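What follows is chain A paired twice: with chain B in the first complex and chain C in the second.
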Partner chain A sequence: MQLSWPKRSPVIQWSGALAAILMVAFPLVPLAYQSFLDRPIYESGSLLTLNNYLNLFTNPLFHQTVVNSFLFALMASSASVFLGAVAAIFVNRTDLPFDRLWRNIFLWPFFVSTIIMVFGYILMYGPKGMISNYMMQFFGFIPWNLYSIPGMAMVSAIHGAPVAFIFCSSSVVLADSSLEDAARAAGAGPYRAIGSVTLPLLRPSLLFAAVLSFTGALEAFSTPVLLGKPVGILMFTSFLYEQGIQAVRPDYGLVASGAMVVVALVTGMIVVQERLLTNVRRFVTIRGKATAPRKIRLGVMKPMVVGLVFLWLMLTIILPLGAVVLRSFVAVLSPYIPFWEMLTLDNYENIITNSTNYISIWNALYIAVIGGALSTTFLILIALIGRRSKFPGKTILNFVAFFPRAVPSIIIGFGFFMGFIMFPFLGSIRSTIWGLILVYTVRHMPGGFGNISAPILRISEEMDNAVRVSGGDWWTAVRLAVIPLLKPAIMSTFLLLLVIFTKEYSAALFIMAPGSEVAGVVMLNHWFQGEAGTATAMSVVQLVLTALIVVFASRVLRVKIYG
Partner chain B sequence: MAKLLIENLQKRFGGVKAIDGVTLTVADGEFVTLLGPSGCGKTTTLNCLAGLETPDEGTIRVGDKVFFDSGRSIDLPPESRNAGLVFQSYALWPHKTVGANIDLPLRLRKYSEKEIRERVENVMKVVELSGLEKRYPHELSGGQQQRVALARALVYEPSILLLDEPLSNLDAKLRERARFWLRQIQKRIGTTTIYVTHDQLESLALSDRIAVMKDGKILQIGSPTEIFEKPSVPFVADFMGTNNFFEGTIQSLEGDRMVFRLANGRELIVPTIPDALPGKKATMAIRPQNVQLASAAGAEAPNVFTVKVVGGQYLGTYYEYIVNDADGDFLFHTRKEIHGDQATVYFDPAECSVFLKQ
Partner chain C sequence: MSQQKKASKLIFVLLVVAFLWTPALAVAVPNYYPKDYDKIIDASRAEKGLYIYSNVSTDNWKPLLAVFNKLYPWINVKLLDLGGSEVLPRYIAESQTGTPTADFLVTQSAPGWARLLGENRLLRYPSPEIPHLPVWASRQETVYSFSADPAIMAWNTKIFPADMVPKGMADFAEKVQKKPDFFRGRLTSYNEGAFGGYSAFGFYKHHGEKFWNWLDIIGPMTRPGSSGGDQLEKMLSGEYMMSWNFSAINLASSTAKRAGNLIGWKYTEDGNPVLVRGMGITIKAANPNSAKLLLDLLLSQEGQVALSKGNMTVYRPDAADKIPEPTLHLAGLIKAIGEKNMIVVGWDPEYGDEAKFKALQARWRQAVFGKK
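Then we have the complex of A and B:
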């Protein structure tokens, strides 16, 4: 046996895979461990126990939380799938005028942090909101209650509809009209064709989108915290927030066991999702030639449909966002005082004069851009190992990379908090934004990994095999033949992570320290302290920055976010 | 340039044996084609030679270099094999120019700039593409792309050249031209070549020897004439062009001829084969183009009989007729149109192949 230096490619593959596995295990193992300990992980002399789970399951507050969460998720997911599917059909398959404009506005909420949308809804539709007030004046009562489970579900649905919309739009059935044409040729009218061919074929996609948004709703944080908690309606995430962060003496055992239960539930949902996805893929494989789908004529209904679409987008997206912008420029927003008499720039001055405010915006931006880039680089590396190598631990790596899907942001943050306690030598990065970048990367590993995997699999393996046969090792092959062809997908993954990182803040709740705050958390605190002006002004700054980045990327760099 | 030895190669995918004990020796400079229908294991065998697939068992040696040996746990990665591979899709790197596609193997081998320039220039001359170095693959025609792929595989003088259906993406006319051209180049440079195809014409035109494969096994290996004229099993006879098959029993042996009795009672004179004994079941094959109209043979010749014409079609160079003899249909080709619904046909015994039933 001749000893030699290990070859380059296996070294890269092993270190990438091990790094990914350690990163995912780092928060989850201590979390699981804590859930079986009788005292906080940092105290000595702890004993293994099942009491945390017993306490949790006998806690009436938790029972209520489970019921609330499932009710909320059920309503939110059915509503968002309905909205997404209807919008997808109207935009893709009818001659609705200005369809691109409507589509773009409909997709806005995807790019906007939920917390900002919720601010807007409170300002418009809350008990003291502008539109609520007009209702009060005209009818003497407000026909809705934002601070309720249906109210939260509606907000969550509007925020989740873009994903359902994208999913339905990319479905073969909507992209290829030949199936419908066959029904038309057989004598069906346009609406009949949609009803008896398009919709039934869309069913698997709808079901999948429903499960997807159901999982999303279980993980939602901003809506339950801002709309539910003040009136005592707790959901999983707000329950953990209350028990773990707001409590004077947090019971970490209880929080950890609660977190474990949520992870188990979401894992169950994902198993269902996976099963459905294999079915959906069966539909995707029948893709025919790319033809411009024929559009259904709305005819005399056209003006009415346009009016309804405009009204809906106005009420659900434009006005709430407008309210945020308006609120940021006034001292008080009230229907009894004309806003132009209250105009002020004080709220923006607050951002500049208070270092926490501007540092948090800067941090969020820094994490989005630098962290997004680092994260993208790392995720491409592990996607190449998991999808494009003969690495022996591929299956494990792919499983691990997708696992954080089952872990809501606030729980990942809590897990890292536990991990940093258990491994104090890493404590030095805990209080820096590098710690946050690490947390965000782990939390959104599945999204980025998934986004880059499909394009990797689309590149013919012959491309890298040709390099291998020509004399290059694995690393040379992916560097010379795969990565250059992946450029558009890499840019789109970067933009996706950038947007997600900008919106993310609940993963930071347990981790951040003075100096590493992110905008979302600071906005939330301002709001709770009654400083809506500062909160909305920060929202506007973040909106403008996000808009600039997204417009620059999509118009100038021609990056396509989402396929 | 080296001799290739494959011994008892085995490869399973799940429960399916993709390669089932392939043993093959290819002489230095020889052109051997692996021929067979899709799923017969020919491309898997080629990928095992290139190192893109790892066999379960067996050995592969090229010259004195061991590529693979399951007994000694040797498995050279593709980059250490110095094999040239032309992919079915050509696999040209779309983001690199033709020149950059071709010089990459040389750069990976750390050749000097001067040598790279000379070699690329040379190989471009060989494949007749001089002057196109700056183009991108998508700016070339299919035939030109195929030649770039060949140039990329030849530029570093591989010890063995592997070709995976390189002509299958060309249109029919171009494919014929490319066939001649490929054969000429291979003869000139003399690299040991393994060629994979499912096209029997291609294999006949190009090869020194053909190995016909089915279900992961080599059924017959031999020169193109041997394979075409003396197929050893019915599958090879069938695969090398359309064939009519007749089931029957050997009646009697008479020197180099024997009497073969068909299921419908008709007796035919066919060539004797080894191990033939009266009473043994056998299959007889004759190609449609070898069935003649009886006017071409003497009146007293054996194997002349009248059949019913069931259908026919005009195919340009000949007519193809489906005829019925008692209860069996078969095909035959003729330059003459048949009028009426009967024809008298003749099977020349020399054109009949007989295979004993296993």
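Then we have the complex of A and C:
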């Protein structure tokens, strides 16, 4: 007998799967380990202990943190699902004029980093924001308080609504309009039909979107840090940031145990959601019979609905972003000095003269484009292994690839920080943007993996079987038969990751080093240091770059990022 | 052939000589510097710039860095402006993981400096400027001070009436107690992290328990800010009327300058904290020679004058009469505030006591947020 080289396909499958597993374990294992150590992981002579957890649970700050975070996430997720569902119904199921325009504006926040939205909200709705000042002038009081849990939840909801909208839209579009017709035939008005038929049919999507935005709210960083901290409202992420980055002697044991608790809670939520969604058969509405979806007529209410939609988008999206642009062009924004006397380009000059500023914008862009491409390539490979092979460890791989959605960005970052400390020879990766690309890839593995999985499952196996019958191995089959058919899905995954990577920065908080700063962190620092002009100027540059990329991708490359 | 060779050799030698001479000609350092100071300058040419973590904003650095760039144009300075309590832990964490980190650190964090000294995390560098400075300017020739900046009271002159401007903390507490609704949520100060924490420490050492009684009245009306710039921005927008703990260096920011007399300010008459700002070269510095050059410049007469242009209050004795604004020199500041009302925060070892500082921060939070 002759020894043969190992076959090509198993080698690819094993190395892809192992790489994915190692990448996910790299931050999480050291994190878990640190949570049971009595001193920082880099100090010698440490002992195993449960004290971190004891300290955590007896820490009154942490108790408030838990209560605040859950209250906030509950409000934010219900509001964002409500907004998303209402918008999805009006845009897709009614004869609302200019629906595409409204939809596009409604989706803007998806492409914009939360930190930029929060800047805009402070400038407009803060205690001395421009709109708040008008309220004060005309009515003598301001009916809202941005620096409160409901205030933060509202900002978070508007930022999260596009995702809920996308989920609800796909079910709304697919829903059988004959069911609505039945309601109308039985005498129901258009709004009654929406309330009794369309909405209930959305239940699975609503639930899914709710859990998604709930976990999204739990990991929100800029909202709690910019709006909660000044009034002493701490949440998970700001608690971890304060204890882990801002303390004179950061207590890594406490941070790690806090992080573990958050991961456990989010995992629990995901399990509950999956249980709830097992029996969704009864919501099946796509049947053999084809129907042309008919739109509900708004009737006499039409002008009023249009006015309300316009007002809402103006107040929640256009004006706050406009305020960011305005702030970037003035030295001082004060109701006591007319802004046109304060016009300046200094803020933009600051970007050019301080290399940290423009390097951070460049880095964010580089990570988004190059990192997004690398990450997409890797995720296609593991999705093919997990969804389209006879690889024995498939179940584990699929589980691992989805696991990071239970781990908020700042925690993934902290975990990598611990990992790099445990394996100092990797420290040289950490200090570069390749380290950040690695962290971002792991954090957003579930999103990318999920986005590419569904189309893979839709491609019939007959395709690759044909190749296999002709003697090709697994790799040849997926390469020749599956990947070419996946092209649109690959492009949309790439664009999705590109946008997410541009916005992401809380995963970088712990691991960013001199030279690898990303725009979000630098903007946050400027804002904290009161350099709102520089922070907003950088925001505007980032907004313009993102807009160019998205427009290029959707108009020129014809990539569909959602739906 | 050989003549040509000789000529080219000669040119080469001349070039080498010219190259070796240039640095000594270009950089004019004070004449009392050691003869081999050129070695540091030459070594800095081979380095890759200078990375600074500080709690001083770019606007305040500008005049000094202009001098530094003129002297050493080949050193590319990169600034990261951080919260005062964030500077040192960030360096410690980074140096543990073997990643590149800052060469030069600047902050007031007294317990932080004490820790770094104790754990040997800083480079000992005996500056040639030591003989020209007071004894307290350096600790173990490792941590140096370059300024002593006063905490001041500042307000928006359009919304904060002149007759409400407090004289000192005692008067302030009285005014707040009389009209709590007028002040509620419209006062600001630094948070307890660094500058705010140390000035509170100073107030407490100066006034004793009385300070906590006052803070229990003033604190609940206050929304602390993470930085001076943040306080300034919100005072200008009218969100806050007044800050009772504001670093004077913020008055030099381009925002404050553009705002003109929209911002008023004064010292706290019954005891005004003055915070010593420390600096040090990291032991992991990738560019130690560039860092040494900056450290010496910051302590030199020329450097101290430049710092004062960035609104930092300097202390080098022989710089006093070169500074147009007398209160930007410690001697002038003492005259303005009065010796007995000057609370110097920094040199007393008590300020380096981490446990005491933590307890103080907890008490501060209790007063301001009503919880520890």
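To be clear about the criterion, the second predicted complex is superposed on the first by the 535 of 563 C-alpha atoms of A that agree within 3 Å, B and C clash if a C-alpha of one lies under 4 Å from a C-alpha of the other, contacts with A are read in each partner's own complex, and residues count from 1 in each chain.
The criterion applied here is as follows: a contact is a pair of C-beta atoms (placed from the backbone, for glycine too) under 8 Å apart; a residue touches a chain by one contact, two chains touch by 3 or more.
Owing to the predicted nature of the structure, the values given are computational and were not obtained by experimental measurement.
Peer 1: Put chain B and chain C onto chain A via the superposition and say whether they clash or fit.
Peer 2: fit
Peer 1: Determine, under the contact definition given at the top, whether A:305 touches first (chain B), second (chain C), both, or neither.
Peer 2: neither
Peer 1: Touching A:485, do we find chain B (first), chain C (second), both, or neither?
Peer 2: A:485: touches chain B, not chain C.
Peer 1: Would you sort A:331 into first (chain B), second (chain C), both or neither based on which partner it touches?
Peer 2: A:331 contacts chain C only, not chain B.
Peer 1: Examine A:460 and indicate which partner it touches, taking first as chain B and second as chain C; both and neither are also allowed.
Peer 2: first
Peer 1: Between chain B and chain C, which one contacts more residues of chain A in the superposed model?
Peer 2: Of chain B and chain C, the partner in contact with more residues of chain A is C.
Peer 1: What is the contact status of A:469 with respect to chain B (first) and chain C (second): first, second, both, or neither?
Peer 2: first
Peer 1: Taking the superposed arrangement, what is the smallest distance in Å from a C-alpha atom of chain B to one of chain C?
Peer 2: Superposed model gives a least chain B-chain C C-alpha distance of 48 Å.
Peer 1: If you look only at chain A, which of its residues touch chain C in the complex?
Peer 2: 40, 42, 60-61, 64, 126-129, 133, 229-232, 245-250, 331-337, 342, 344, 346, 350, 354-356, 417, 420-421, 424, 427-428, 430-431, 513-515, 517, 525-533
Peer 1: Sort out for me which residues of chain A touch chain B in the complex.
Peer 2: Its residues touching chain B are 460, 462-463, 465-473, 476, 480-481, 484-485.
Peer 1: If you look only at chain B, which of its residues touch chain A in the complex?
Peer 2: Residue list for chain B touching chain A: 50-52, 77-79, 81-85, 87-89, 91-95, 104-105, 108-109, 152-153, 156.
Peer 1: For the complex, which residues does chain C have touching chain A?
Peer 2: Residue positions touching the partner: 51, 57-58, 76, 78-83, 85-86, 88-90, 93-94, 96-102, 109, 111-112, 115, 156, 158-159, 185, 193, 223-234, 236-239, 250, 253-255, 258-259, 262, 354, 357, 365, 368-369, 371-372.
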